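Letters A, B, C, D and E mark the chains as written, and numbering starts fresh at 1 in each.
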Amino acid sequence: MSAPVLAVEHVYKYFGDYPALRDVSFSLRGGECLALLGRNGAGKTTLLKILAGLSGAAQGHVKLFGDSPRHAAARRRIGLLGHGIGVYDELTAIENLTIFAQLYGVSKAVAREWLERTQLAHVADSPVREFSRGMRQRLAVARAFLHDPSLLILDEPFTALDDRAIALLQTLLAEAKAAGRTIIMSTHQLREAMELASHVALIERGKLVHFGPRTPEMLMDPGYVYRTFGAV
Amino acid sequence: MEKNIRIGIGALAGLLLLRNLYVILFNLPDEMDQGPIYRIFFYHLPAYFTAMCCYLAALAASVLYLTKRDLRYDAVAMAATEVGLAFAAVNLITGMIWGRVIWGIWWAWDARLTWALICWLVYFGYLMLRQAIDDPSERAKNSAVLSIFSFVSVAITYKAIEWWRTQHPGPVLSFRTGKQLIDPGMERMLYANFLALLLLAIVMVTVRLHQETLQRQIDGLRRRAHAL
Amino acid sequence: MIFLQVALKDLRSELRTKESLNASLSFAVVILLLFSFAFDPSGEAVAEFSGGLLWLVFAFAGALILNRSFARELPNDCLEVLLASPVSGAQLFLGKSIASFVLLLGIELLCLPIFGIFYNLTWTPRFLPLLGIFVLGTWGLTILGTLFSALTVNLSLRELMLPMLLYPMLIPALMAAMRLTTILLSGNDIGGDDLVWLRLLVGFDVVFTTLALALVETILVR
Amino acid sequence: MIFLQVALKDLRSELRTKESLNASLSFAVVILLLFSFAFDPSGEAVAEFSGGLLWLVFAFAGALILNRSFARELPNDCLEVLLASPVSGAQLFLGKSIASFVLLLGIELLCLPIFGIFYNLTWTPRFLPLLGIFVLGTWGLTILGTLFSALTVNLSLRELMLPMLLYPMLIPALMAAMRLTTILLSGNDIGGDDLVWLRLLVGFDVVFTTLALALVETILVR
Amino acid sequence: MSAPVLAVEHVYKYFGDYPALRDVSFSLRGGECLALLGRNGAGKTTLLKILAGLSGAAQGHVKLFGDSPRHAAARRRIGLLGHGIGVYDELTAIENLTIFAQLYGVSKAVAREWLERTQLAHVADSPVREFSRGMRQRLAVARAFLHDPSLLILDEPFTALDDRAIALLQTLLAEAKAAGRTIIMSTHQLREAMELASHVALIERGKLVHFGPRTPEMLMDPGYVYRTFGAV
């Protein structure tokens, strides 16, 4: 059996005295996709930030590919898609992608290729400022997938997207998953997430109350997870 | 127990201050040139040294916080800085009063005075930064970094006397000059009052720490109330 | 050399619109104007406080530019994306410092002739030593300013906190730069006693660059 | 009187934390400090440029406070909610102007004794006329500043644009206030020729208040 | 038949040369609830802003209760809930509500009452800064409903909310609708919206391509509206 891509071991995080995460442990392997569920304020974003190395755990360890998340080698293999799109409004689409290509040490040709895959090639030289929300989101996806990351960390990726943008994102994620990439995403839009997920985790007031494979019941009835495993 | 120790040190500081005040007022003779006002010196300089000790403690606590990430060190840094600012203010204000009497003006823009003011502003900025950040961990971390940067200005203030020529009197204490410039009785008195003020500072820091602990408990309870 | 790419990125966004360059330049000119109302610039004494005036303007314009250094990354959560990329905190910081440095130095060099005209000063004969002072002083300003920009990036009172924290701590560098600039603008050479100021300026740059590079990762990763 | 409620709201948020008051005050002191390095304040000439110095400090601190006037409403989209409430644009504007005015005047009055101590000036004998000048000058500063704050609230370069637009337009009021303050701080009374300056200041306030109230609704509703 | 609460007549809006809204007309009466659908960048937010009087139409008219939306009397009867919560972080919950109560000329007792209805009475004196996302949203609802508005304008009210927060909002909206209030809301979360809606509108590239009552098909299959009435 392969070594885990992502291992979270007894992670705690405090904001002051408030425990935002308490003893969270799980691990994921290549090709797995985790849907991280939880009510508002449960700690999903906090956990994802720790995984991406944007925030440090107070106790416990996170290992990405066996390394700490603050290790450059580990970060080179992460793709991050948060609330914000993470590109610069005043620059053009291709300039944005080129910048990130350089930071990741990827060739410029790859940037162009991703513009085509996200159907943005015809507006490559327009500043992002002029893009509509759907186009911005597609560019953000191109930015996150550019360096062929082995681990995708997505925080509420479907929020405020229309049906078509969601479908595009789902297709890309399904492809990535099929190619053996690991995906972890938080979301409140259970239906959209369940189709993709191979695993489901439920976090409640900072505690991981459930972690396991996605079962057919979950697909049929998204509320199932909350009702079955949630204490509150 | 903790409370008793606090009261004990406080009482000791109080007694020492009273005794020193008595000696300063009644036993020590007037200075030749300045007359009675020079007695303010016994608060002017020790207050400054006490402030320096507080800033040094804040620096140590900040470094410890960054290595250990324990919020208690952060509380120490905060309390020490606040008390240090108070004593630095005593130094500034006594100096200004003294200046008003001796020079006829409240303030002169010379290096020593200016640096004392800069130092005060720098640490006041530290407290401002603390107020502006809500999340305690973030606040502790960022203000610890700022405290480290701030200490550079303390070092410069200490050195200012050697780097710039000033209107303000030069060093008098024998450990800095290597000579005996003032009367040994006066110098002893200085150290005695320094000890008293230092004890007072320690009590004040512990009181602030205690308040801080209570505040954290209150905040914790409120957070729990929110979760209901 | 990844920090150079960060610097290039920042410079490119800044120069794309030229807004900020134009705005800071005209801001600098406006302050010069204000100063000329506040203090009589026709007197003989101008040369004596020319350095002070100039560096005050630079400090004010600098705070506005430095304020945007990390704040520029906020709108689309770009800061998070950068921090999750292989760029280390120190590289990011260095890149941003360099970008602000280039920008600010450019503005200063544009201000100098304007200043010369308004206040009737000759700066050409000692341009090279002057440039040296500008470089040293501006580096001190940007390195400390960029660090404080990182420190205050998440505050709602950012615009107010940054100058409040920055200026007092900057005073040694500013004092030295003012003094040395005044000497050069008065037509003298730096030497003798004034070398103390030069040493102070260099020492400031070295100490704060080291401290900042050592501590910035701590600031950025929460 | 709905604008008073807007003003109270702003003052309450501002005073809740006292951050901004403390920060602006210490910012003002820091600038006083910077000026003392740039210009030799121990000379005899201090009284002659005291008004200029003081109003420069107020203008800088003011820009920082005014910058936040409308920007304060951005974080949770409060501006939209206020504009959709029965408060009219002019009332909103007036309320915000009053809040900034009170805040700034408070800071100025705290600065005055500090300034007196550090620059060795006596201000007590002519406090009342001085207060009058402060009120007139500050009202001009806030009314124009609040209008520009509304104008620039949606710009990313806000902090830079506001002072750049504000200062040149403010120059008449600033000049008048500087001049009148210098006269009072030098121990003289305002009279004779100097009344021109007073008239200029009052005229400035009246004209810009009228203009701003007439135009602000257009600025706020896009 | 009662006069329309909201009448939109031939409204156009341009951003530069770009026509964000083209000839939009419809009207709503008391007790009706319109779900405004449309892809990203279709012009939903633009339309809602014009209705709330935050933005002016280039051509055409909007009448709220027979008045222009910039008329104070009309605005007194609008409740607005946008992306942002529209309350101040540094003030306490009750202070926030009191401010808005004063602006709308409502008594302070009403503010307290709404705190209780949104289950925030126990944190009335805590600053909003400390609230969790769900609590903030509830406070925003209290703020929007405080003055008993006759017309509710909601822009993506369900975004990023968890199941429970959505249920609370739906209950409140259903009550308002039953009490004869008019509701107009934009959303991408079709399921949540359809349950409430009495009417459905579809906007596409600034044009209103459909406006009509909600039919049972729409409730069963949310994609139905896009497929049936959408041109693209």
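Definition applied: a contact is a pair of C-beta atoms (placed from the backbone, for glycine too) under 8 Å apart; a residue touches a chain by one contact, two chains touch by 3 or more.
Since this is a predicted model, take the numbers as computed values, not measurements.
Compared with subunit C, the chain whose C-alpha mean position is the greatest distance off is E. Among the inter-chain contacts, the highest number of C-beta pairs connects C-D. With centres defined as mean CA coordinates, subunit C is found 32 Å away from subunit B.
With centres defined as mean CA coordinates, subunit B is found 50 Å away from subunit A.
A separation of 38 Å divides the Cα centre of subunit A from that of subunit C. In subunit C, 75, 156-157, 161, 164, 168, 171, 222 are the positions where the chain touches two or more neighbouring chains simultaneously.
The residues of subunit B that reach two or more other chains are 118, 121, 125, 128, 132, 137, 223, listed in rising order. Taken pair by pair, the chains that touch are A-B, A-C, A-E, B-C, B-D, B-E, C-D, D-E. Subunit C contributes residues 19-20, 23-24, 26-27, 30-31, 33-35, 37-40, 48-49, 51-53, 55-56, 59-60, 64-65, 67-68, 75, 156-157, 159-161, 163-164, 167-168, 171, 174-175, 178 to its touches with subunit D in the complex.
Of all the residues in subunit E, the ones that touch subunit B in their complex are 122-123, 126, 129-132, 135.
Only residues 96, 105-109, 114, 117-118, 121, 124-125, 128, 131-132 of subunit B touch subunit D when the two sit together in their complex.
Contact residues of subunit D toward subunit E in the complex are 2, 5-6, 9, 12-13, 16-17, 75-78, 80-88, 217, 221-222. The residues of subunit A lying in touch with subunit E in their complex are 38-41, 132-135, 137, 156, 159-165, 188-189, 223, 226.
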